[in-house]
Amino acid sequence: MYLHRQELQHRAVPDAPDAVYARKLQEVLGGQYGEISVALQYQFQGWNMHMPGKYRDLVFGIGAEEMGHVEMLAVMIAQLLEKSPLGITEEAVQNDPTVAAVIGGTDVQHGIVAGAGARPVDSNGNPWMGSDITSSGNLLADFQANANAEMQGRVQVARLYHMTDDHGVRDLLAFLLARDTMHQNQWLAAAAELQEEGLEQLPVPSNFPLDKEHREVAYQYINFSDGEAAQEGSWASGPTPDGLGEFSYLPEPEPGVPMPPPTHPDARFYGTTEVPNTAEKLAGRAQDAMNME
Amino acid sequence: MYLHRQELQHRAVPDAPDAVYARKLQEVLGGQYGEISVALQYQFQGWNMHMPGKYRDLVFGIGAEEMGHVEMLAVMIAQLLEKSPLGITEEAVQNDPTVAAVIGGTDVQHGIVAGAGARPVDSNGNPWMGSDITSSGNLLADFQANANAEMQGRVQVARLYHMTDDHGVRDLLAFLLARDTMHQNQWLAAAAELQEEGLEQLPVPSNFPLDKEHREVAYQYINFSDGEAAQEGSWASGPTPDGLGEFSYLPEPEPGVPMPPPTHPDARFYGTTEVPNTAEKLAGRAQDAMNME
Amino acid sequence: MYLHRQELQHRAVPDAPDAVYARKLQEVLGGQYGEISVALQYQFQGWNMHMPGKYRDLVFGIGAEEMGHVEMLAVMIAQLLEKSPLGITEEAVQNDPTVAAVIGGTDVQHGIVAGAGARPVDSNGNPWMGSDITSSGNLLADFQANANAEMQGRVQVARLYHMTDDHGVRDLLAFLLARDTMHQNQWLAAAAELQEEGLEQLPVPSNFPLDKEHREVAYQYINFSDGEAAQEGSWASGPTPDGLGEFSYLPEPEPGVPMPPPTHPDARFYGTTEVPNTAEKLAGRAQDAMNME
Amino acid sequence: MYLHRQELQHRAVPDAPDAVYARKLQEVLGGQYGEISVALQYQFQGWNMHMPGKYRDLVFGIGAEEMGHVEMLAVMIAQLLEKSPLGITEEAVQNDPTVAAVIGGTDVQHGIVAGAGARPVDSNGNPWMGSDITSSGNLLADFQANANAEMQGRVQVARLYHMTDDHGVRDLLAFLLARDTMHQNQWLAAAAELQEEGLEQLPVPSNFPLDKEHREVAYQYINFSDGEAAQEGSWASGPTPDGLGEFSYLPEPEPGVPMPPPTHPDARFYGTTEVPNTAEKLAGRAQDAMNME
Amino acid sequence: MYLHRQELQHRAVPDAPDAVYARKLQEVLGGQYGEISVALQYQFQGWNMHMPGKYRDLVFGIGAEEMGHVEMLAVMIAQLLEKSPLGITEEAVQNDPTVAAVIGGTDVQHGIVAGAGARPVDSNGNPWMGSDITSSGNLLADFQANANAEMQGRVQVARLYHMTDDHGVRDLLAFLLARDTMHQNQWLAAAAELQEEGLEQLPVPSNFPLDKEHREVAYQYINFSDGEAAQEGSWASGPTPDGLGEFSYLPEPEPGVPMPPPTHPDARFYGTTEVPNTAEKLAGRAQDAMNME
Amino acid sequence: MYLHRQELQHRAVPDAPDAVYARKLQEVLGGQYGEISVALQYQFQGWNMHMPGKYRDLVFGIGAEEMGHVEMLAVMIAQLLEKSPLGITEEAVQNDPTVAAVIGGTDVQHGIVAGAGARPVDSNGNPWMGSDITSSGNLLADFQANANAEMQGRVQVARLYHMTDDHGVRDLLAFLLARDTMHQNQWLAAAAELQEEGLEQLPVPSNFPLDKEHREVAYQYINFSDGEAAQEGSWASGPTPDGLGEFSYLPEPEPGVPMPPPTHPDARFYGTTEVPNTAEKLAGRAQDAMNME
């Protein structure tokens, strides 16, 4: 159950409207790693979780905060769009290069569709999609996904920080950067705790019986490219992070197995085969061939 | 540059066709975390990388292998579809429940569109999308994304392992499971090496000036849900994984700031405002109001 | 700002798991008119609204409730998936037609991707998309959209009610049906109130100067099909709902205007034109034609 | 059956080409509420309708007109693109800010993909999607959807009217605005007629047995936000539009019910549970555990 | 301008409802190569065409026919859904395997969303997309696209013919097959005529100056795979179809050029470079570095 | 199996960065007819092919080359983005119109998401989709699709050639143009060879029994538009390309058949029918109607 308060976690007021920047800011609202993604990702992880307690509390606790981040960004974007231009004439463009920039740099749907309002889309206007979230039920995998989302998200916010000099916008971004710092740390801590408590181990999923996988290639780095430095890394020799093996290095793949012969599905799929459509075969066109039912 | 060899890294021949399972197997070919995703993800990371050497060799070396995994799965799926049924009659359905299952459980586009062939889609028939990959240029973030992809992928392959008892399919999955084990280990090793070499640190991105973020909330767990166990985890007290702070815990958010006042964009966006459309205003309909140009 | 409570507005516990029904129920969670759509639609309307007060309170008040409906459905779906089958063998299918039904009727990504968990997708597994919401800033239009969403949603829930006889599921649906009844009534009341207060009128948007549209065709029903009953309705004669005109009826369109001549863009777009690629023209291939820069 | 005439319902010739505006105009051709949407929406409603007569004639009569609107807009866009620039050099950009605007403000696929032609996409270049239409079979719901589509569409056309001063474009928009006025009125009239004739009532769907929904919450406004003005509206007290109840107001939700306990699906989904992967459990990796088949 | 007649080009009445087949038939209504695709593809080609006369008449003449094909399929699908099951109980499934098949094999959105009606989606429920059409303005390319669409479409209809034994459905498919035969022939004839009239030639686009392309590799088959039969075809030796060259064959690519050095964009994109985040660098975190604005 | 070499088939180095052009070039990397499309299209055709030998070698041989084209374009785009602007201020925009152009004309996700890197998207930022490829198993249809893809692709590259004067970019495009010339010729040659060898004929699919289609309309051009020139083409009279008939011409369709009566699905779908919701019917709301289970 969610209760909404008509207040914001942090101030979200720009110094001045900037419709071009509003478009850019959409990325961290409605993009692949935007706030809608993390809000729904964490909450779906909560609804799907298979145990009560601290891990479920964690995903709910952060998930609900992210809903408020969605709100702060939407409100900020609406304000950045407040002076969104409308009656643009060619004369205006000729006289003022800024007008030209605004024409080109804005998300035109902000005006035409939303009437100078925020939208659940990314900075190119692609709608947010449910396929942007991850909730597998395996918490070690999912917390890895969460840490990734917070890292990608913080990289994007950092870039956006340099794309404006509006103090109000930067103040909000400075807040979001700090929260991303926190959440990166939290998901990494949670992933570590899962392993310390013996709930999950590497490789994920850890309780799939290892003897059922082809262990002989489980720690072998087979280089399918020709980069010579490939074997210098800690991923090509020495112990593996899962503590169960030793890395080895093959500079190129061993000979493979032949491809299996081509398939021959039902002739009524009309795939091309090596049998010519001979005169007789085509003559078949003229008869009501029972086998073609 | 890519050279193709008409051989496979591992045998990919099922004991028998199984069109229902073919659909399921599409997930790890063309799904969010399927082989097309990792193949293109690693290669785009290589093409976009900002330094030569071992890290770039690594993404190219694994990326090209994943292209071969796409191939093994596509070839396997085509064989699983080889006896794909076509001339289904109601009588057949009445007589044999397996036929019913096959009707319902298959991806009907396998037959209608691909003529009993594999497709670049997931197990629900959603087309693979370019938005499924991650390549930010920040390698610590991206290797985290890669580790996540391999974890999610291995979880899915493990589940698929239990959804068939075909020895040929299981043999291929056992091979893929081992390669996923390897790649999970490699990306974790590479992420660690980046940090050991001082190329990247936590929080990502590490060289954004920390004093520009609101440090006072950078290690504060603010619980926006009401789960009491939320504070028990290592994410609520003690040192943070980035080594730069101490976690603290707030059981609920502090009072926020008021929402900013609503925006008032150009009236010609026709947003609703608190000013009534009075008689005079609507009378404006009858005149060629210049301000409405 | 959103606060989450680990309780539900209404009981959401099925009598028994039913993975096939879980798939169907996804429609009202993540479909075009599902709860994610209305939750985000109302909240975006709130963030974009151009006036404070009762209308904004209304969209926030209902929007937050809908977030809780998303939660109830997700939790319900997870429970319906609890006994989701995994180790399906051909033998099992042969012996039990229900198994066959389950194979075919489930969303296979529920198992493979989400580990028996809910997902932000519709009943065909299409991801929820940001383009499913409407927030134009014009409240009369948007409340019309909201009323439509609640009507479509209640129709879908009513259909789903008849697709199960699980008392737990029906109990939740009976609750959702009642809330949809309420919300239909609320949006219609709010749309009426906007007009009574003179904030908006028909046609939407009401303050676009009417004399700028071609009034001579503003109340004319031109029938582009050949159905003879088309003129019987109240939409073909009598006063118009906006109170500004009289409907008239044309049984077929009047003659139109000729299509404008085809365009002739820059030749370097290589569109086909009526000028043949004569010998001379193709000879141009052999010279470094400056005009082809 | 459709017959095409090579003439237009209204003149569609711009004063001058304007590639930037061409992009904007795509919204009402191929956007969520563009002419492709309404054309296909009304026609699908006709093909799916469950009764003959005036209502079906109505959707066919308007649906076919909308196909002609698609055509007028496509032809207009092609003309607006006629002078679409191609050989843009940096020098040109330096000398003329209009060139800069054109570069940025156009849909580059208009040139690269369509050779200066119209496309079935919105103003951000997102392809039109079948999920943009509504056809539920319940006509009261669907006519509500239609009225909404015409309202959103007219709002967008009105905004686009102010974004150009080309007389030819404005003349076409003035025509479309009038037709949208007509169609808004028609769908509202048709929705009213359905109710007057007793074919449908509120709440939609009206013949779902009301006693099967939880009537005790069917007219209760439960405020999940903290806006104090929420109770002032006609949606919080007084009779309800469906004529079947009285609105009541709750300033906040009553206590809910506890969330159900977490689910425990088959262990082979590898979801994380509270049972540690103890030594014994992980030892299981080394044996060919039958229960892990 | 389009005029609709309430009659069909051909009878479209099934012997009996079949909800499972209705789903399959959606492919040729709303799939990649379904009737919506060809209808809109040909019409967009008409609206964008750069010359009047027979070619434009052709695309309009066939395009409008295809709209009627959309209609016949939609009407057929609605009838196939007429007995679409709703009140499915587990008991029913246990007793009748056909019920099981129906559950699994149907498009559940046909019932839940469309109330037993047709939808603009493919046989997997993916919405039709504007990106499924081709209209480049170059008629030789586009007629090639049209011929391809009719070929793919006829292959799909042929497969669907074998997936039912309903005489009414087969009668409609037999009609559509014949029309596809016609349209294949027409587009091939039109492509030939374009070349005979000298309006277009191979390679497309024919008036791009040939000397501007790297002619030395314009007829060279470079085999990037290791199939030995690759050189046996008429594509590896002899005259080329465009009449301008001779095919030659290279069994493998010649050595390429080195990859260019990695890029070094602005440091504020936070891409990883070979410069370690040394102590000094990270110390930069603590100062308000101007160069990080 | 794929082996990667860290070299390029052709030099891919621009004279200078150009972020605006980088966006445009995305079309031929990740657009509908870009290199990802052809690479995966040809390879899926190979994996799905039903016969060994020269045709399969051909699709593999070209498919692997196209993977290298993806790489050249990605590497080129990364270099074009190398000086991608970041710290844009309003002052800069005011002073330099080029800056304005750059703001508007770039793909902002190149910076925000990819850190000045290439992405698997088209020139409008739409993600590449698996539905962009064609692999039907019928080689005559598929080679037609391939020829079309190379034609559309070469048209796009030719247009892009004129949109830059950077010698490095043009040099790469000149190479790609030549390879497209080659591949157009190859697919046409292969399509011809299939027919010469009697493996496939027109109409596609050639071995569907012709007497099962309605032959009486198989060569009849029925003009559904009113263009008088429609009958002048070789598609309206004379022998048909498939060699099996004679074209005939009908200036307009013959009268059709009546539309079938509307469907009456289960009342619990709540579709609107001609039966009013009379008092008795609505009274049914108050009773627990068994027939509404």
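In order of appearance the chains are A, B, C, D, E and F, and numbering begins at 1 in each one.
Simple rule for what comes next: contacts are C-beta pairs under 8 Å (C-beta built on N, C-alpha and C of every residue); 3 or more make two chains touch, one makes a residue touch a chain.
Small disclaimer: the values here were computed from a predicted structure and weren't measured.
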Co-neighbours of chain A and chain F resolve to B, C, D, E
Interface copy of B-D among A-F, A-E or E-F, with over half of contact pairs matching by residue number, is A-E
For the pair chain D and chain E, the C-alpha centroid-to-centroid distance in angstrom is 24
Distance between the CA centroids of chain C and chain D (whole Å) is 6
Chain C touches at least 2 other chains through residues 1-9, 32, 48, 52-53, 55-57, 60-61, 63-65, 67-68, 75, 78, 86-87, 97, 100-101, 103-105, 111, 113, 115-117, 121, 124-127, 129, 131-132, 136-138, 140, 155-156, 158-159, 162, 165, 205, 208, 212, 224-225, 227, 253, 256, 263-265, 268-271, 292-293
Among line, ring, star, complete and other, the chain touch graph is complete
Residue positions on chain F within touch of chain C in the complex are 155, 158-159, 162, 165, 268-270, 292-293
In their shared complex, chain B is touched by residues of chain A numbered 5-13, 32, 52-58, 60-65, 67-68, 75, 78-79, 81-87, 111, 115-117, 126, 129, 131-132, 134, 136, 138, 140-141, 144-145, 147-148, 151-152, 154-156, 158, 161, 174-175, 177-182, 184-186, 188-190, 192-193, 202-205, 208, 212-225, 227-230, 232-235, 240-242, 245, 247, 253, 255-260, 263-266, 268-271, 293
Chain B partner, complex, touching residues on chain E are 18, 20, 23-24, 27, 31-32, 97-98, 100-101, 103-105, 122-126, 155-156, 159-160, 162-163, 165, 224-227, 252-253, 256, 261-265, 267, 269-278, 281-282, 284-289, 292
Touching chain E in the complex, chain D uses residues 1-9, 30, 36, 40, 43-44, 47-48, 57, 60-61, 63-65, 67-68, 71, 74-75, 78, 113-121, 127-133, 135-138
Chain E partner, complex, touching residues on chain B are 1-6, 48-53, 55-56, 86-90, 93-94, 96-97, 99-101, 103-105, 107-109, 111-113, 115, 121, 124-127, 136-140, 194, 197-201, 205-212
